[in-house]
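Common to both upcoming complexes is chain A, partnered first by chain B, then by chain C.
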Partner chain A sequence: MKQDEKGVYYAKDIFVTETPEPGKDPKPWGKTAVIGKSQSRIDAYERVSGTAVYPSDLSLPNMLYGAILRCPHPHAIIKKVDTSRANKMPGVLAIISAATSEADIYWSYSKDVKTKLFDPHCRFEGETIAAVAAQTPYQASDALRSIQVDYQILPYIVDEQNALESGATKVHEGGNLVKPEETYFRGDIEKGFAQADVVLEESYRTECQVHTPMEPHGCVAYWDGDLLVIHESTQGVYSVQSNVAQTLGLPLSKVRVIGHYMGGGFGSKLVAGKYTVITALLAKRTGRPVKLFLTREETYLCTGNRPPANMTLKAGVKKDGTLTALDFSVTGTGGAYPAGGTALVDWLIKDLYTCPNVSTKATDVYINTGPARPFRAPGHPQGAWALEQMMDALAEAVGIDPVQLRLKNIPSYSQAREGNPPYTTTGLKDCLEQGAQAFRWNERKKEIEGFNSSKHLRRGVGMASCLWIAGGGGPPSTIILKLFSDGSVNLNMGASDIGTGTKTVMAMVVAEELNVRTEMIQIEHADTGTTQYATPSGGSKTVPTETPAVRSAAINIKQQLLQMAADDLKTQVSTLHFNGDEIVAKNDNSIKIKISEISGLKKRGVVVGIGYRGPNPEGKVVNPFAAQFCEVEVNTKTGEVRIIDFLGANDSGRVMDRLTYDNQVYGGITMGIGFAMTEVRILDSNDTGKMLNRNWHDYKLPTALDMPPHMESLPIDLPDTEANITGAKGLGEPVTIPTAAAIANAVYHATGVRIRKTPLNPTQLSMIFSEHLKEK
Partner chain B sequence: MEEDNKNKHIHLTRRSFFSTMGMGAATVVASNNLAAWASEENKVMDPTEPTKITLKINGQTHRILVEPRWSLLFVLREHLGLSAAKTGCERGECGACTVLIDNVPRYACMTLAVEAQGTEIVTLEGLMKGEELGHVQQAFLEQDAFQCGYCTPGQIMAADGLLRSNPKPTDGEIRKGMSGNLCRCGAYHNIFQAVNRAVELKGGG
Partner chain C sequence: MLPNFTYVCASSEKEAIKHLASDGARIHAGGTDLLGCLRDHVFTARKIVSISKLDSLHGIRKTAEGGLRVGALATITEVARNPIIRDRYHVLAQAASEVASPQLRNQGTIGGNICQKPRCWYYRGEFHCLRKGGDQCFAAGGENQFHCIFGGDMCYIVHPSDTSPALLSLGASVQISGKRGSRTVLMEHFHIPPGQDVQKETILEPDEIVTAILLPPASPAMKSSYRKVRARQSWDFALAGTALAIQFSGATVEKARVVFSGVAPVPWRSKEVEKTITGKRLDANLAAKAAEAAVKGAEAMEKNAYKIPLLRGIVEEELIAIAKL
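What follows is the complex of A and B.
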């Protein structure tokens, strides 16, 4: 037994998943030995012992520290940058600015817009002006303060709601409209409203949310001859590689990006930043490694955000709960450059519920703020804030339970996509039904009405649901597995583990296929120099993209081992199968060979298996679905909201690692609580145009004290066998989409007051309650 | 004894110290320790003048040359190679840099290296017994009390400090004890469970 516990294999006599013939797809896993269980992370020891080296932890011999001087004004022209004093400061080795020849290059904030790396026209507070490399970060920041800059301060606009008014300051010469209004329609919207028994119309707003991952953005860069090596805190080493190579005019082979550990990104670290390129230039100029990580304040100004959304939704419903029409418009902003200011905000309105008549309009404008970056389920929590509150209001108006109203309108196909392709699976019904049951939705609604009879402390329950537009993953992905002669395995993949447990899930897939214990699997990942191409970890696609390729690679190894065993045993491959650490004849247990005894393996020392991600099913859509339920207690005197309970029910296909799955659910709800209740970017639109709360003291994240005392994760474990060969769909984004709307609905249930703007903080709520609850 | 003598060589007033530091000082707040020095003798320290100090970290004595303006966090990470304590905000908001100073969780970004003299500093590395994890570390591993793991060293130190002063905290005390440490991934639910698990492990060990 002892040997089993320490050996390569889980057990010596367990049947290993059937191996398909080469070229044939494997069957979906039946009963699994590893997948779906709770497995603590294979890199947990590194993370809790402090031995995990994050990019910002790295110290290299002779390393310098970089820092960036940023424009303090929302809109200004740089007339002159005088670095003469700063150049003489102690410890300063290099200063670069627009006047530096190698820094006279272009940067792309988006595909179609090129500006200089150090552009004289600063269109947002936090735009780059110069950068310093010095022996200590203290000396670097001293030097920054000694750089003299002459600014021509220009008028600014930082309120997107006024950006299209005549006379508004123009961010770009062509005006503040990023592109012509985007419209979508199907059916006949007027006819739809005419058919409705109830028509409601409301305006909603969600505030700008800033990612603020715990590890600031940045990198350590050095030049190894003509090879640029970058250790970046990133979600995707290959995208950083291509951004940097393109900006500096280098071949891809001369840019090696490594990102083994990283301290959170949430969409803000999918690409390289100007800071990456600046670090590379400082390293080049000094001939030394340079570490440059942004300050927390900088991360608020120039590393993206979830744009604010100003939304109007008009909806029609019949008495029986049939939706007849949805008319939606949104105005938003990606800041000073094109950055998807309204991207996907209307998607749920178009696609989540059955509705024949839909019209949406999106207006994206420029303002003088830092460009947006994708933020966990771009557009979706904003759209859900409007749609899911509207569904709640419609349900009340026609006297149908909110869960039942949603159940009545579940589509089996995607209405917003051309040709109305069906979803491979939709677990929305299960999420709603099983979620309501686990939460005791009906019972609790009744119980609460008793609780609320008297006082200013009122309880309410609320719910909301969603889908996520992506989450099916897809090609490309290449995985290489090496099986060593003792049966232990090395897994090579380009994808980053951004904290979701990617590495652990991949090891579990190998373990499931090969019966090799996860502890015996070593993972090499997220290094453009040594690991395979992967798209960045974002869009909730890493598990559905990479796990099928990992499974294919493992199967590829099994096929080779079977062939080698057949040669040794002088029999046909078709007569053999895996059993524990052996390959055995299906009909005769006495014909067998230990895997570690296979002569081909012993001779070569290693068997290499390659797996590719196959295509997604044609003409079908792979989306995850979710529903969330919560209970709140509202103090109508103080405006405080205490969340008592939260339940997240998710259909993300097959559950891979139950432990990290539940962790994602709780984490997504937590981030949604922040979006709903505490987070707001405050811009001083009257006096300076600057951001007023660029730190964690003034911009509030949820803390330990804001957590509900009880949280529950309810996986709807529906392997999506059509989607891919592991049956998994994405999870990281749907878990945060419905949270804010569910809370707002619960507050409405508690108080009868509909809160249409985030954040639901005491400042806003006490004012609203004092107005609305006065007369009651 | 020698350490005590060394301490006496460092005198500075809070006001004069800050006035020579410029903007950077705005984020540095003096601790009680620093204030105590200020009352002794009014000698101005040059914030950039390298100064010999002795720090006791994880039971080991380090004699190093620091600039008086350097934070303990900077010295730990960039000079002593103790990179478990993380840089999150450098302004005392997130707790990623939490270490124990005389058994109390403190923000290393808000502590000057010079003022940490004469104290016992414990970092995450100091909770290890050789290769073996400490109880709180083991509990965080078992309960999956993290995602990206960047705030985790600080969370573990906060939990360890909490349990040193309160070996059996209530749920409310755990929340309060952990409320000085942000986790953007939102792993609080599992962090609470890990603290409870650590209580069990400590009891059992």
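What follows is the complex of A and C.
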């Protein structure tokens, strides 16, 4: 299980106390009153009305504004930084650079690679050179522009496809290979191809997708004596605390990180940034709060991306649809520092479909661009682009329907993990079958053939499926619930709500278990000063990690109430049970007490319940599964692709909140449409190596008009009772994995032309169609 | 961040012109392009001269000759929704409705739209390019997927306006006021190709402002349409597009104006297409021929070759469509 989710999403190298045993597992919920229903977000009013305070909204008395001077070249040595003019400018209170005492601080780009915070050797455009704190954002910006820097501009490389050529510019002294090629084998690949009736081989590429969340990256920081307080837009306050404490040599207790609302992360806000540390240093120097949020242009350069993937896949299949061999290779790049440039791209090839003979190879190279960061389902959409298009091609080659070919090859256990552990549940079959039925897959395939006769507007349907390597969650998590004497509840948890509805789902669990209305629940969360340790919200693991701990805490409260009621009623705990807002004797309705009348609760004023996340089942794998179906209309004269319809069928265990569930499905498809059709990082590779499309116009995120007029979410509500005590699995990532491949398959169905590279829009397709579709 | 500037809100055309004549002055109408250029340091400004309070520049009204006078400050939304424009100058209403996004259409003006600065990412970015007074066009050997296939000469921008090709197809002219008085020029002569002056997009002098756009009377026999293809469906400029204004006699083309967007540094009138279809019956065969004529003389650079089949496809599709209108 080396290549497991822990390396991707869990904060590394943090000492965490062993999670205590959660006690006897409660039974799975039977009929639920709250869970699985459609619950509006408990903070919907705050979010919609603008009263929710995001870190970038925060304004503190005496607050200064920070800004960072960044290297405008992809590769350069800083010869000299002259801040003398900037120092004298009005409003400027501090400038830090390689020439100030902060120069000795080291920044960890990875476990093994550290550079100085203001390293003179800049290996990517956007690397930090100096930072300013001033009274207004304008003064800070003007000061940056008046800092004089002498650069020794060095040769650069920004195309990963040439990074290993002899004579290529070296990003690091040791060359451009990040690590030895990673390989994986099982079975006998040659024998597998020999057994196949059809062998196909194809090359694919997906473009680099850049992180660009609504709220840019940054924080507000100040020092309260020797306590550093940071309000950061983050997915995990505890990982930011750990990064900052390590970088500045502070005890964890002296770094308080507060998250609360945040405007999107998608993997780019799992850890602290250099900006976090720089803000803390500027606050230290000035003795005042400092606010530093990156400009949109900066986020494009240095807050990560989904790396480009150059892939080849050779696949063998028998006439009956049995897969016999898969041989895959990928070259990618995490930029100028180790950042998982090929991480998990091969996972679906190894694990999604039954195949005895598999070989994969991954080559991760350095180039002079900003380091990658995890991006919603790292590696998976890229791998799916290759694998799912190949499955489509194999299906056609052996004359089997694409859905049927997949159904033929569903494994019950994880083939890529050591010891072949079984999945607790796999709803892949249901996703495919029920998804196909709800989409009317067979009927629509036929209907479309009629539509297409003799038109240059051609329709097609396509589908693809997936699993997600993580999504089971796991320890640690500690939840504290306080039941007040009036029956209202305070929920205290460390996890962040990154816009997915975490708070709402947790409130629903409390409401379900304690029979209180969600309006009676107050939530404190994402604050290392007042809430308990939690791993960052990422990896589609927040719901399966935190909901069992919340349920445990609620059960812990109920156990205490039963004991108190037994004392009041002078009977045994075992004779009592909960009935609405009362505790009643099981065999005598007249022996009862209202919960708010329990003397223990009234006297103490509060009952505190603690819940821990128990371990996952030994020797088993908890993964979510999905299948997506879509219909497109392709204009073969212009290369325009219009998506008409999309359906996402997901097995993510128990459905917790149907509304936020559907939100995830639509959001994942939306992001997948961007990945497939509009998003590309464009670097000026010939002349300067600079990124050219660093704003929301030139970097094209899909708009509302690029969305299909109809989208449907089909939950396969399959509580995973083995996985944890709420039966939920993760959802946030599988929803975006198969989207791009499903669209490409639909375009193929419409036109008979296989599109191997993103993006699927006229900049590529008008040329391809004009060459392949003469006289349609 | 914006540079330091003073701001004046002119109360008369004369006052606006006076202020614009001072060094470093920039005109401000809707501001959608101005603010972006200032923020990105494409150029700077010492004085911003707002013309938004000039009543004479607002409004859309009929002219004595039976045409239409569109005030320079009419917003793109006003143009797109105006009943007369929708009815008689359909191509203009259509082009206006395809501009940018609803917010930008509400804020941006027709005068500003025809005076837009190019969107070339080298021009807008940290590159001292030819158009900004440098000595190099970075697009020529660089990332030119959104650049021109016609009319490139030292600089390879495309003109970003959707309304300009529509106006040109309608034979519109532009009313201009300046220190030396007023003048009216045909839309066709309003934009300047890079070969003539690589640092100017229009014939406007620094002290001049566009006051109105004049549309000639529309013939009832004219059909017009605008088609724009882009990488995404909103808030995007044309990869390629075409404005058509065609007078039919039955199915036969009597007179045609065909102007492309997104493929040249200025709105690009295609006399080749006009010649191919004029006097002939517009059917699928003729449309295919016209589509070939449309790309005659097109020169692709390394990354924009797709624009040739794209433009061909657009022209063919739109000619067939307009014949059926």
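One rule holds for everything that comes next: the second predicted complex is superposed on the first by the 750 of 776 C-alpha atoms of A that agree within 3 Å, B and C clash if a C-alpha of one lies under 4 Å from a C-alpha of the other, contacts with A are read in each partner's own complex, and residues count from 1 in each chain.
The criterion applied here is as follows: a contact is a pair of C-beta atoms (placed from the backbone, for glycine too) under 8 Å apart; a residue touches a chain by one contact, two chains touch by 3 or more.
Given the structure is predicted, the values throughout are model-derived calculations rather than measurements.
Of the two partner chains placed around the shared chain by superposition, chain B and chain C are both touched by A:Ser141.
Once chain A of one complex is fitted onto chain A of the other, the partner contacts of A:Ile669 are limited to chain B, with no touch recorded for chain C.
When both complexes are overlaid on chain A, the residue A:Asn686 reaches chain C alone and has no touch with chain B. Of the two partner chains, chain C is the only one touched by A:Gly639; chain B is not.
In the superposed model, A:Met711 makes contact with chain B only, not with chain C.
In the superposition on chain A, A:Pro615 makes contact with neither chain B nor chain C. In the superposition on chain A, contact is made by A:Ser766 with chain C only, not with chain B. Of the two partner chains placed around the shared chain by superposition, neither chain B nor chain C is touched by A:Pro180. Residue contacts after overlaying the shared chain place A:Pro702 against chain B and chain C alike. For chain A, the partner touching the most residues, choosing from chain B and chain C, is B. On chain A, the patch touched by chain B and the patch touched by chain C overlap at residues 137-138, 141-142, 697, 701-705. Chain B contributes residues 22-24, 48, 67, 69-70, 74, 77-78, 81, 83-84, 86-91, 93-94, 96, 123-125, 128, 133, 137-138, 140-142, 144, 146-153, 156, 171, 174-176, 178-179, 181-192 to its touches with chain A in the complex.
Chain A meets chain C in the complex at residues 72, 137-138, 141-142, 456, 635, 637-640, 677-678, 682-688, 690, 692-694, 697-698, 700-706, 759, 761-764, 766-767, 769-770. Those residues of chain A lying in contact with chain B across their complex are 40-41, 44-45, 47-50, 52-54, 56-57, 59, 90, 136-138, 141-142, 145, 211-216, 261-264, 266, 293, 295-296, 498-501, 659-660, 662-664, 666-671, 695-697, 701-705, 707, 709, 711. Looking at the complex, you find that chain C touches chain A at residues 1-2, 101, 119, 121-122, 125-127, 138, 141-143, 145, 229-236, 239, 305-307, 309-310, 312-314, 316-317.
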